[in-house]
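The following blocks contain the structures, represented as structure tokens.
Across the two complexes that follow, chain A remains constant while its partner is chain B and subsequently chain C.
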Partner chain A sequence: MRGACTVFQKELLSYFVSPVSWIVAVVFYLWRGYELSSMAHYAMLVRADPDLFASATYTLPSTTAMVLLVPALLTMRCFAEERRTGSIELLATAPVRDGEVVLGKWAAATVFYALLWLPSCLLLHVLEYGPFLATDLSFGPVFAAYLGMFLLSAMLLAFGCFASSLTDNVLLAAMLAFLFDFGLVSLPAQVRANLGELAQHYYVRELLDKLDVGRNFDDWFARGLIDTSQVAFYAGGVLFFLFLCTASVASRRVA
Partner chain B sequence: MIRVFALTKRFGQTLAVDRLGFEVARGEVVGFLGPNGAGKTTTIRVLTGYHPATSGQATVDGFDVERQSLAARQRIGYLPENVPIYPELRVVEFLRYRAALKGVPPRQRTAAVERAMQKADVGEVARKLVGHVSRGFRQRVGLADALVANPPILILDEPTSGLDPNQRRRIKQVVRELAAEHTILFSSHILAEVQDVSTRILVIHRGTLRADGVPERLVAEAVGRRLCVAARCSQDALLALVREVAGTAAVPEPAPEGLGACSAVLQPGQDPTGALGERLLAAGIAVRELRLVAPTLEQYFAHITEGSDRAEELAAAGGAEVA
Partner chain C sequence: MTAHRWAARVNLLLGSALMLAVWVLLVWTASRPALKTLIDLTPQQVNSVAPSTEALLRELREQKVAVEFHLFFPRPVGQPADEAMAQVLRIRGRLQELTRLLLRRYQWLGGESVAVFDYDLQSDIERTRAAALAFGYAGNEDAVVVAAAMPGRERRFRSLSLLSDLAELDLPGLRDPSGPAQAKVPTLKRYLGEVVLSSALKSLLVQGTPVAYLLRGYSRTLNTDNPTIGAAYGRFVAGLRNLGFDVRDLSFSREHAVPRDAALVIVLEPDLEFTDVDATALFDHVAGGGRLFLNYVHSPREGWGPTGGKLGELLGYELGQLPVFHLIPDPLRRTSGPGLDGNDAVARLQLQVSALHPVTRRLAQAGTPLEVGGARGLRERPGAPAGMRREPLLQTGPHAWLGRPGRDGYPDLKAPPANLLQPFLVGLAIEVDPKTPAGGPETAAPPKGQVVIVSGAFCNNSGIEAFGDLAYNVCNWMAERRVLMDIQSNQYAPRQMLLQTPQVERVRWLLFYGVPLGFLLAGLAVLYVRRRS
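For the complex of A and B:
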């Protein structure tokens, strides 16, 4: 794990000195702040139920962008940039396992993503004060929802690392990751609608239910419920894509 | 320290390295010579574990580069041709990162980085961003990276490529200093550099080993020295005398009025200068010049690379005619 820790530290530092990370952070918090304040004003105007306020924030465009787009942006450089500049040769010839390199890069992306995303729940706390809602919000469901979105994003970050390992073109890696992220959220519902009778088959239904991350999020995390099978699904997804990424990186060593 | 046996590497239909075999003993500085595209970098990449071999075997300090890849990589300090380093890191940060990656214990890391920077002479740019240093310094930062874990073996792939003469001289000097403590495989297509630094050379061409030995001996044995004579006599008389002594075909050389001049390529180990001097003296001919000229490594290189290309072209042309 020494190699993974070393790669993790270096990658995390790289995120902090990368202009892309700061641009993403600034744009996201400005956007998020604007959306939340507008929503709070509207909620006060129509005297909306404050308990529904937190769950309504999950449908905001900034949430969608943060969950679907930002993982692709954060991981696009992971391996594609190393391949483009040739520094992959330094990594590959250092006495460290490919799996450790992949784990270190993914962990750094995930921690940076968490640092970028999780503080946004504090914005909800700000809304509890006078000029905004002036009422207490229920933070239990908020934490569950943040956990759900974080787990989904961790899986998408793992896919992003894998996509980045397939090409030396950073933009192509980002597009591939974004298409996957978007497809994962929208395709299961589409497929279910178009399959007709077949969608009612037990195994097909189970598979589509498991893959339908949007519906699962609404059914569990958004209601403040943490289901271990959901957590296992995302953890399994992370491991699966990290395995694919390691295989992709290691494929260079196969004669 | 390095043992390569029947190493073959194919990229699709392209045969990059063909049954290559050589050994490098502890403490040797071996120049790995070959024209561009000869297979030097491919061989080096197999040795460093970046590419797998298609067939054959390579070991580094007794460890198989494929089956015991981590242990083999631990023993190699590698400087790639185009030093790819992270522009966002400072030189000292980059070296600390690389030291950690190579398993230098945390307590020894600062000292290891200091030592590597001192050996590669990059102390003055330690706080600069890697992306902001000159190409010469970049190359030396790459060398410091290769040295940071103090590996017994250094593999340097064209370390002077793209550098100006002063930077090249500096890198060569550093490599010479390192030779006392490390076994070095030094690849280049610049012959003078290899001759300056190496105790032995390996010449690779079209993926196969064409020569292996001490540069001077290889050159002398393969091409042969040249006898050059100029004397105050007619060209024909001088040619006759040289043919008698050297027993080989002498060719006339341009000479000023009243002088004769000629040269002859000698067999390996042949030295007819004494005998020829005595003959000239006995004939009462005043000698202006009598010397043996050793061929350069460049001539030797051309002899075994272009010579083989020409032979292969002729063979191919002959084959085409027959067909």
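For the complex of A and C:
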């Protein structure tokens, strides 16, 4: 695991010094700031319930964009860039196993992504104080929403790593990851609509329910509910795509 | 391609398939009913269904009962003509969303036994038409059809209107003009989805329709039709019908015995003593295995406070004439004593509920508060007949007293000295041994008779929303439909944020300018340091 830690530290540092990361953060918080201040204005007009206010911030369009677009952007360079510049050879000859490299890169992307989100939670806490909203917001649903988004993103980041390992073209890797993310969000609903009665068959329904990540986030996590079977689904997804990524990196080395 | 590369690819493919199988197995295992859990982190557990609903759905799954929910939500046509219509559309949309979410939880809990069918007339005409014909849906409003089929039995169903049955709306023009200012558009007061859908589901599972008889002629003010007057019982009776009871009137002036099809007899707020003949008829009903629910209240009028009379003699109970009061907590903590008196709130008794009797056990376990108004003390009559067992159901706290009439003739709200304070019994269950059957020992013995006596008003229109569970539990238990004993889901108490414009302005400055600027500066600093190093 020492190799994985070394890769993790190097990758995390590279995220922090990358201009792209800071641009993403500025654009995201500008957008989110606009949305949240509009929400606060609306809450003033309708005397909104503070119990619903905090978790509602996780159903804003900026959240969707952040979950769908940013994992692909963060991971597109993971392996594709290394292969394009030839630095993959350095990694291949370094005393670290393929699995450790994959784990380190994925963990760095996931931690950076989580850190990118963390200020959104802290800001909600700041908003509780007197000069701002001066109310007790409920952080239970916020925790559930944050967990749901983190798990989904961890799976998408794992797929992003896998997509990046398939090609040496950074844009192609990003496109693959985008397609997967959008497919995962939009296809299950389409399939459900087209299956008609068959969609009510227990096993078909269970499968579609698990795969319909957007609906799961809106109906469960964003409402403060944690379904442990969903947690297992995302954890399994992370393991599966990390395995594929490791196998892909290993097969490239063989090739 | 070399054999080595082929082998590597086959190896990769096999490994991926194996890993996929592990993923599927992990999810399948985690989705087993015994292992999966739903953790509700919302305040007041607003997204959780009641434990009774959970138990019901689990039971249905075990019994392999096929439960179906058919949603007929036609799309709105055209533009709303005015703001009221637009508001109705918004309410419909919200109710549809809440119902779909609720049914997802039912599916989650019920697993393979629960199926939800959502119909769309525009995109799936054939399927919608077939379902509409099967359930007699006319297509003019939003409806939820609840259908249930026990193994080997015919499917039964019940249609519920989204706007009328599953929600409580505040409609402009229906309010009392002397009351608060009228709303100009309809508003959604409360969503009743879980209570109504679970009740409908449970009533479908009960074969046959129990008949509840409301005894007439013993209350001079009883009103069981009006759903809005606080002292009337319209909502209680409607609730019983929703639970699947056939509610009928019983008058001893026309019939001299309780009909044989009676699942139970309900006597609400009697203000006259039962005549000997009628008391004997009621007792015969109970002694023959029948069920009787008596709900007395205190009335300040002279001669309006029956104490049980002949029926009390036969069943061994009696009521006092005076109302029971209890000290109330001091909200300002001005005293270190047990509470305050002199306030008419002392007439509202917060009761201790028996955790032993099946009617009150779940209420006691759930910690559901129960409050009655205008109660009188209830006690066992000296020399009570044998062959019956009495069990306390409801009791006041230890600091209660009997309100004796003051100089104005009304009960005095001031407490007596502390040494005269004592607890009073206000709810009692009596189990009556059956009479020996006429056919001798070979004939099957009839069931034991059951009587529940509650003193104090709690299931009239004012109290039914908060405290009606007890009344419905009593009726369901008496009708031997234990599955229907229910606790309504927690009522979410919403909070409000009262914001001023300067606060919102500060939020905007912080989030729209401050935070992005902070990130920009931090990013520039990092890049500067990196370039320098």
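The rule is short, and it goes like this: the second predicted complex is superposed on the first by the 247 of 255 C-alpha atoms of A that agree within 3 Å, B and C clash if a C-alpha of one lies under 4 Å from a C-alpha of the other, contacts with A are read in each partner's own complex, and residues count from 1 in each chain.
We take it that a residue touches a chain if its C-beta (ideal position, glycine included) is under 8 Å from a C-beta of that chain, and two chains touch if they have at least 3 such contacts.
All values reported here derive from a predicted model rather than from experimental measurement.
When both complexes are superposed on chain A, chain B and chain C end up sitting side by side without clashing. In the superposition on chain A, A:Gly183 makes contact with neither chain B nor chain C. Of the two partner chains placed by the overlay, only chain B lies in contact with A:Thr85; chain C stays clear of it. For chain A, the partner touching the most residues, choosing from chain B and chain C, is C.
In the superposition on chain A, A:Pro61 makes contact with neither chain B nor chain C. Once the two complexes are laid over each other on the shared chain, residue contacts for A:Arg2 go to chain B alone; chain C is not touched. One geometric descriptor of the composite model is the angle centred on chain A: between the Cα centres of chain B and chain C it reads 160 degrees, in steps of 10. Once the two complexes are overlaid on the shared chain, A:Gly236 sits against chain C while remaining clear of chain B.
With both structures placed on the common chain, the touch criterion links A:Pro119 to chain C but leaves chain B unconnected. Shared-chain residue A:Val17: touches chain B and chain C both. In the overlay built on the shared chain, the residue A:Val96 is in contact with chain B alone; chain C does not reach it. Contacts of A:Leu36 after superposition: chain C is touched, whereas chain B is not reached. Between chain B and chain C in the chain A overlay, the least Cα distance found is 5 Å.
Judged by the document's definition of touching, chain A residues 17, 254-255 lie at the interface with chain B and also at the interface with chain C.
Of all residues in chain A, those touching chain C in their complex are 16-17, 19, 21-23, 25-26, 29-30, 32-34, 36-37, 40-41, 43-44, 47-51, 53, 55, 119, 123, 126-127, 131-135, 138, 140-141, 143-144, 193, 196-197, 200, 202, 205-206, 210, 219, 223-229, 231-233, 235-237, 239-240, 243-244, 247-248, 250-251, 254-255. The touching residues of chain C, counted against chain A in their complex, run 4-5, 8-9, 12, 15-16, 19-20, 22-23, 26-27, 29-31, 35-44, 46-47, 101, 104, 107-108, 111-112, 115-117, 123-124, 127, 494-501, 503-504, 506-508, 510-513, 515-516, 519-520, 522-523, 526-527, 530.
Residues of chain B touching chain A in their complex: 45, 48-54, 66, 69-71, 73-74, 76, 78, 80, 82, 84-86, 88-89, 93, 97-98, 100-103, 145.
On the chain A side of its complex with chain B, the touching residues are 2-3, 6-7, 9-10, 13-14, 17-18, 85-97, 252-255.
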